[in-house]
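Before any comments, here is the structure.
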Amino acid sequence: MQNLKLASIGKKGDRTKIKVGDVVIGEGFVVVAGPCGVESEEQTLRTAEAVKAGGGMMFRGGAFKPRTSPYDFQGLGLAGLKILARARELTGLPIVTEVIDPRDVSWVCEFADILQIGARNMQNFSLLKEVGRAAKPVLLKRGMYSTLKEWLNCAEYILAEGNPNVILCERGIRTFETYTRNTLDLSMVPALKELTHLPVMVDPSHGTGKLSLVEKMCLAAIAAGADGLLVEVHINPCEAKSDAEQQLTPEQFKRLMQKILKLNHCMSDPLFDTSITGGDQR
Amino acid sequence: MQNLKLASIGKKGDRTKIKVGDVVIGEGFVVVAGPCGVESEEQTLRTAEAVKAGGGMMFRGGAFKPRTSPYDFQGLGLAGLKILARARELTGLPIVTEVIDPRDVSWVCEFADILQIGARNMQNFSLLKEVGRAAKPVLLKRGMYSTLKEWLNCAEYILAEGNPNVILCERGIRTFETYTRNTLDLSMVPALKELTHLPVMVDPSHGTGKLSLVEKMCLAAIAAGADGLLVEVHINPCEAKSDAEQQLTPEQFKRLMQKILKLNHCMSDPLFDTSITGGDQR
Amino acid sequence: MQNLKLASIGKKGDRTKIKVGDVVIGEGFVVVAGPCGVESEEQTLRTAEAVKAGGGMMFRGGAFKPRTSPYDFQGLGLAGLKILARARELTGLPIVTEVIDPRDVSWVCEFADILQIGARNMQNFSLLKEVGRAAKPVLLKRGMYSTLKEWLNCAEYILAEGNPNVILCERGIRTFETYTRNTLDLSMVPALKELTHLPVMVDPSHGTGKLSLVEKMCLAAIAAGADGLLVEVHINPCEAKSDAEQQLTPEQFKRLMQKILKLNHCMSDPLFDTSITGGDQR
Amino acid sequence: MQNLKLASIGKKGDRTKIKVGDVVIGEGFVVVAGPCGVESEEQTLRTAEAVKAGGGMMFRGGAFKPRTSPYDFQGLGLAGLKILARARELTGLPIVTEVIDPRDVSWVCEFADILQIGARNMQNFSLLKEVGRAAKPVLLKRGMYSTLKEWLNCAEYILAEGNPNVILCERGIRTFETYTRNTLDLSMVPALKELTHLPVMVDPSHGTGKLSLVEKMCLAAIAAGADGLLVEVHINPCEAKSDAEQQLTPEQFKRLMQKILKLNHCMSDPLFDTSITGGDQR
């Protein structure tokens, strides 16, 4: 793809692997789970324990919430980050959390293991440049209106500043369909795999916005070749201050993980190593 | 969903099964394969043999081709249908072929085992009513601009005329993304499964328009819970008069079928029978 | 634009003019008005009289209504066409009415002065070919998902069959915006004017789906260079069986016509004859 | 519209007027013109003089350019702002310029008369809050993927911080159409007028991305009821470092202004004061 210097896959096909604590993204399959927002210490710590118990490998939660209305819950900010740090102490799970302001990047890095750039900020170039100078990996969500080309160029913005650790995350695009909150575009997984060396994750919770569709889209993402999943889990989804419709209970998450492991095991068969068109897929 | 009388899934959750020759759609997994268009007897019969040899269960091919330009290849018409009938004789595979004019329905039924309604004709209500009165099952593709609700209402048009055998086929919607020909919306598979008793198939060839993405989207469709796939196969894709970019060679199809069988076998594990939200998924 | 043989504007820039009764489309400005559907003789004749009295130049009404659900009002069919014929007798206004089935084209021509192809049938190629062989002009609405290129190719389908009298009608495309029913794409007016010699009309009633927006979009269409408008008028919009939200009362139509005439008069100033880039715009 | 406290139009229908130098936005019609980017002192000053000579009322130019690729021209930054200040000295025209980073707002205010928030930053809430605390009016462009509701909520973010002077600017949304760069959604003009008291401008240069369509879309925006226009003008469009395809020459701008004035004069007729549905439109 034109213009990409650092994000393009090379001739050898080497792929980026990102080590975060004990987890290596791009090697094996990674499930990141947690609530949409950090709402309280109890809600967060109990959810983190449930994620750990269910088999989640990283914990996610938002301390800064970009919301459509200025009058909606905007997140706990620093207090939320401190709660996330406690969740890490408690469970040992690395923390993924969103940063929305370039002025916050340096101090959010004190708490986060991975910095998330949300869909609305995908082309917030000031923020991209700032996280490109940070020492933490960046999880870059696709903008709900953005093409594959634009998305990869945003990864390039981060790489060009010197941060080689970028994870791309498909989270659904905006279309005319209203039954789902967004249209999860799983074809981006193999499309990215043929264009870039960066790991690719999928967020079916935001991608569908419907609890009843999350499981199947998780499985489909695995079959499509994703390196990992982001799944929203809440100790009590009905009381969530945001995304109440799409968060799993701990029990649902546990059952989902069993299926994820089963399917991953199946997909690890050497039969799936080579594509039907001849290319190496690992 | 409001307005649906016949297409809605009932309280018992019974699902429609459609027997066509030895194949039962909605029971086990069905792969329909064949060229975009019937171009010649040799191309068609050789492709049909390859589909059969590769493990395809039905043969598809277009005798009427709805094309953007009036000056593009429009299909062989009756001559094409006769070739398809010979392909069936040769291989025993049931034939799926598109009908585009209500005046053709009765005589196309003489050749076809399943009538396909293409994406451009999803809301061609005269045609829907006509196939609703035909004695053959109907494969109803989603319009590239159509919502889930509109699509199900088109199935209702067919059902309301007395034909109970409708198969829904997701084939991608039109979005702003240009890397893929369409955006394959796999979330429709579980969405349809919770709304209707009709079987659901997926067409990754049109859904992506890119050979390199077809395999992964086939596997993702299986994991999403589809009842079957439509895959374009051509004895010599480079020389195809339409869709040259997305048709598989017989060898590629054979390798794809191995993966499809492997993944289906995995997904037949009882673990996948119950959804994480508690519902029966079979 | 590639592939267009007959629809492309020539080097001389000559434009098609279509004479229907006393009206010449492509010369002066034409307002076509009437109800979404022909519901009864009284509703239709009274509306036709109101359209005539208000200054409308043609009368539109649907006898065949393509509806999302099979259980919605589908139009009066032949009975509706007979009512339209009476409306013409009564008012002298030419009749524009939709045809949705290729089998109906020949006999609908007995009643209609202009055959309308609706948005859902823009790529119903059987229907396009049939109206291409009819002796009446065709008003071809843009499909709600269709590109400019596809639309012009559909005009080409009609022209290629020998019917030179095609009018293009922008009626809004489907986007993510839900405040309006469709997104009226007025940029298509000058875009079509630079590509084709065919006249271009605009339908703000369907294009917005909101009564409160119709007036301004009518005026904007005139300023954009359209050759005419389609406006929905109903003697009693609240009781309309379809499109109740977007039809004007006779009184509103009358006031709209005054503004249309005023703006047209202004736009007839020679200042507007030449484009700022130098081209002749007449 | 739910959630809006400050942006909603009140019962009296009073509208916000924003005085900037000698210009009052929301009273009379305002044309803002200038190059996409500030490239050099000569290019900027000569264009500013041409805008002034042609009848433009404000001067726009970007010192910070948000670009798809990190390797494209990113603007001159502070040096560009100083050039804009000189353009203001030279011509007396107030300056509209984009700010893309919350850290820049305070010092960009030293140079700008109106702060522009670009489409990609519409939901950059940190930036919105920052300009909400600034002492300069804000021109808020619609995001290319944003609904009317989201857009108005972004205005609400600014108003809620204490800045009452927000101008909304429609600049086209992203759709499947590729002939135009974006789809200019003029129906937003009357839609906004019925929901909010804030002034509404239109940017046909970005909205179409095609020089040949700019003129007609300018006129259509006026007829739709816009309070002003943003038009890209460049002393030498062929050599522009961005948006070369859509910038007008000074001569074209001059001719455009004549038409704008003519049409505005026509639209000032009292006939257009009251809407056909009875509401006051002024």
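To keep things simple, chains are lettered A, B, C and D as they appear, and every chain counts its residues starting from 1.
Operating definition for what follows: a residue touches a chain if its C-beta (ideal position, glycine included) is under 8 Å from a C-beta of that chain, and two chains touch if they have at least 3 such contacts.
Source: prediction; values computed, not measured.
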When contacts are scored as defined above, which chain pair ends up with more C-beta pairs, B-D or A-B? A-B
From the centre of chain D, which chain's CA centre is farthest? B
Taking each chain's mean CA coordinate, chain B and chain C are separated, in whole Å, by 35
Euclidean distance of C-alpha centroids - chain B vs chain D, Å: 48
Interchain centroid distance [CA atoms averaged], chain A/chain B, Å: 33
Among all residues of chain C, which ones touch two or more of the remaining chains? 145, 149, 174-176, 178
Over in the complex, which chain B residues touch chain C? Could you list them? 3, 5, 66-71, 100-103, 120-121, 123-126, 143-145, 149-150, 153, 156-157, 160, 174
Note which residues of chain C are touching chain A in the complex, please. 174-176, 178
Chain B to chain A touching residues, read off their complex: 145, 147-149, 173, 175-180, 183-187, 189-191, 194, 207-208, 210-217, 219-225, 248, 252-253, 255-256, 258-259, 262-263, 266-267, 269, 271-272, 275-277, 279
